[in-house]
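Labels run A, B and C following the written order; every chain starts at residue 1.
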Amino acid sequence: MSKLRHVIRAEQLVDPALLDELFNSASKLERDDKALKLEHPLRGRILATMFYEPSTRTRFSFEAAMQKLGGGVLTAENALDNSSASKGETIADTVRVVSGYADAIVLRHPQVGAAEMAAEASPVPIINAGDGAGEHPTQALIDVYTIRKELGRLEGLNIALVGDLKNGRTIHSLLPFLRNAPGVSLTLISPPQLRLPGKYVRMLQEADTRFAETTRLARVQPADVVYVTRVQRERFASEAEYDAVKDSYRIDLHVADSLKARSIILHALPRTTEISPEVDQDARAAYFRQARNGLYVRMALLNYLMS
Amino acid sequence: MSKLRHVIRAEQLVDPALLDELFNSASKLERDDKALKLEHPLRGRILATMFYEPSTRTRFSFEAAMQKLGGGVLTAENALDNSSASKGETIADTVRVVSGYADAIVLRHPQVGAAEMAAEASPVPIINAGDGAGEHPTQALIDVYTIRKELGRLEGLNIALVGDLKNGRTIHSLLPFLRNAPGVSLTLISPPQLRLPGKYVRMLQEADTRFAETTRLARVQPADVVYVTRVQRERFASEAEYDAVKDSYRIDLHVADSLKARSIILHALPRTTEISPEVDQDARAAYFRQARNGLYVRMALLNYLMS
Amino acid sequence: MSKLRHVIRAEQLVDPALLDELFNSASKLERDDKALKLEHPLRGRILATMFYEPSTRTRFSFEAAMQKLGGGVLTAENALDNSSASKGETIADTVRVVSGYADAIVLRHPQVGAAEMAAEASPVPIINAGDGAGEHPTQALIDVYTIRKELGRLEGLNIALVGDLKNGRTIHSLLPFLRNAPGVSLTLISPPQLRLPGKYVRMLQEADTRFAETTRLARVQPADVVYVTRVQRERFASEAEYDAVKDSYRIDLHVADSLKARSIILHALPRTTEISPEVDQDARAAYFRQARNGLYVRMALLNYLMS
């Protein structure tokens, strides 16, 4: 596999050798950070974070990662209102100019395909940090890293995906990793309106991945991994459509207790009502550890792309 | 006194040994900065500033402090609109995630008690940089530092507090320091609608602090310290209520000249009309020196909390 | 010439010795950057960027410049809404406080004269990064640097200025450099409503600069430099006035092909429709190289002002 330049789709990351390289690097970076022994391989390099849709957590984790590697950061917290986009500039032009100042660009954009367009125009690496209901590949990388770190492997696991499978881009980006892992079986739990789109269903079928679709939350019980998604208000055309499904599922203590002892609950966060705060104390609640892993996985990725 | 973890209420800082430690550190940091001899004790550490209410000056002073100590910064200039809060996330969840990326968090929030809630959820130090009409403890620290630096002591001073004593959180945070200083006498000058709330009046009474309440600005004359507050539009329910009191008091050259030669005028800034610009040239106008002190006091505090 | 303190008007920069010093420094910084040999002369220093009008590109280029020189950055992406300005503070007060935290301040403001006011109040250098329809002197510096780098000289060139010459502050800031260069002749191409204001016409007349005013784009043909400006929506009182002129001129492949082989097309960017994307591949399209030059020219300027 040739060296990765831009990170736009999860598909690009589904290479065992690449995953091993990145994940070993992430583990080492975590050990070095905790021992206060981090080196600064990206000293003198600059990362630009351009967020056309708000996401403090994703932005912070990339910016912390860059700074821990010794690099500097240019940040556009609210690029939609404050940047040249509001003056009618294309994303291609913006990227061409910003690539003159930064050694890599992290882009979040409400429009599917925006990162792809940016990559075509950019001489420096573009990292897609979410393009509308499209993809969020580095989140998938973190998810896979977390599953392997928590459970030792991806192979053979029973993984339940719960919530908005239609619009949840973290789910869409995770599927290419799951379908390729031998022996994985998926339980897709969603309201009828929020089922996994046909193109992803076909992707699973073509890979001969075992999966079942259901509307019943009780089907989480045999899962090793319960991956919960937020029903995102911003993806619905009307408040009524959102209200009809927003509280479809709720992982509370009762549900958590029904899971296997060695299972884990994941969530890309932020959550609203889909996981009760009371579950946080349960050892199976791995979502805050998952968020923390984001720092090291993104450090590994930035280091890989820029050094 | 056990080592301070979070800085939420001014009360936590009212310890003579702690104050001496912080203020000596601030003085040393100022000398080192001016001699371009600053060391970087917080190299590799990261501070997150999360502002759910705008305040460029407070944010800048914390961020400058952190960078001068060698650390990095994650900044959310407008966290209310741009962060997960807009997606319905609780402050506790936000803090749990951000604490995975940052070694301390500075929080400004419009809601009284927000910092307390954040501290309960956070494994890293939370610094309250203002919670609605609640507290702003580091401002009080700066105020006390400034009084001691300018006048050599807090003890025995006559201190006039002028303006909105009802909503002014800098005043509320300053009182715990003042009531404990031997021989301090306070003159509380405000319109009737903006008197010091009962709970603070009782705090003074219980400590046997000498104080007098008045509506007359002329009562500032014998003061050693005249602490002026802005009447904050954002704390009033209607424009009419604000208009009725906004120009209650104005320190102009005439008032300044009526003060003692060795007195000082303080203000946490920003000001609007309550101090005339013509007063700025007067040696008693200490408010810009006070703002500058903020840098060193906050450096001392960050260094204390994180190293 | 005494050492420059604040950078407010282009006029201040029109000194051959100063230009040589800055441009030589910019060239050296570019070489060192590309060889990964940058030193960090501004280590420990802090730059504040205060943008009361959005401009991600200009802000990024200053912030990248500062960080590449080893310094830190305080950033206010949207100072109008988020800073003390919204509480009624004057720009003079803001600058006095921020100068306590930063070693220099980059200011963009919608109001003509704002930078001048800031400079009067500031003990640290103020750099005007655009004040309404006033000036944008560092852009002019970049433009002159680019012309000299691309064509070897400014002297004797035929320079066409195209578009909104009335409101285009980059044009206004460029004129003091052009009128002083021996043998330069200018072609001023604009719709009748957007002609160069009288005060600038008189400036050219007093300097005996050769210039012609026209509404015909075809007059670009003999130019060595075609400097295109965007018609800025935000400078018009009504949408109708804007619509009447916004598409006055368009540099497409046909126009580009009519130019001399050794000519260059400049634009301060962002562009909307005034230059077709198809022109980007043409060697004469120098606007992205011009943007990149901004990094090094601003590094040279920051280094000059702060070290």
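Remarks
Everything that follows uses one rule, which is that a residue touches a chain if its C-beta (ideal position, glycine included) is under 8 Å from a C-beta of that chain, and two chains touch if they have at least 3 such contacts.
Model, not experiment: these values are computed from the prediction.
The pairing of chain A with chain C is characterised as different-residue: of all residue numbers used at this interface, under half are used by both copies.
A turn of 120° superposes the CA atoms of chain B on those of chain C, with the angle given to the nearest 5.
Centroid to centroid, with C-alpha atoms defining each point, chain A and chain C lie 39 Å apart.
Shared interface positions of chain A, defined as residues touching 2 or more other chains, are 75, 77-78.
Of all residues in chain A, those touching chain B in their complex are 36, 38, 51, 54-57, 60-61, 63-64, 67-68, 75, 77-78, 230, 232-234, 269-272, 277, 288, 291-292, 294-295.
Those residues of chain A lying in contact with chain C across their complex are 44, 46, 48, 50, 72, 74-79, 81-84, 86-90, 92-94, 96-98, 100-102.
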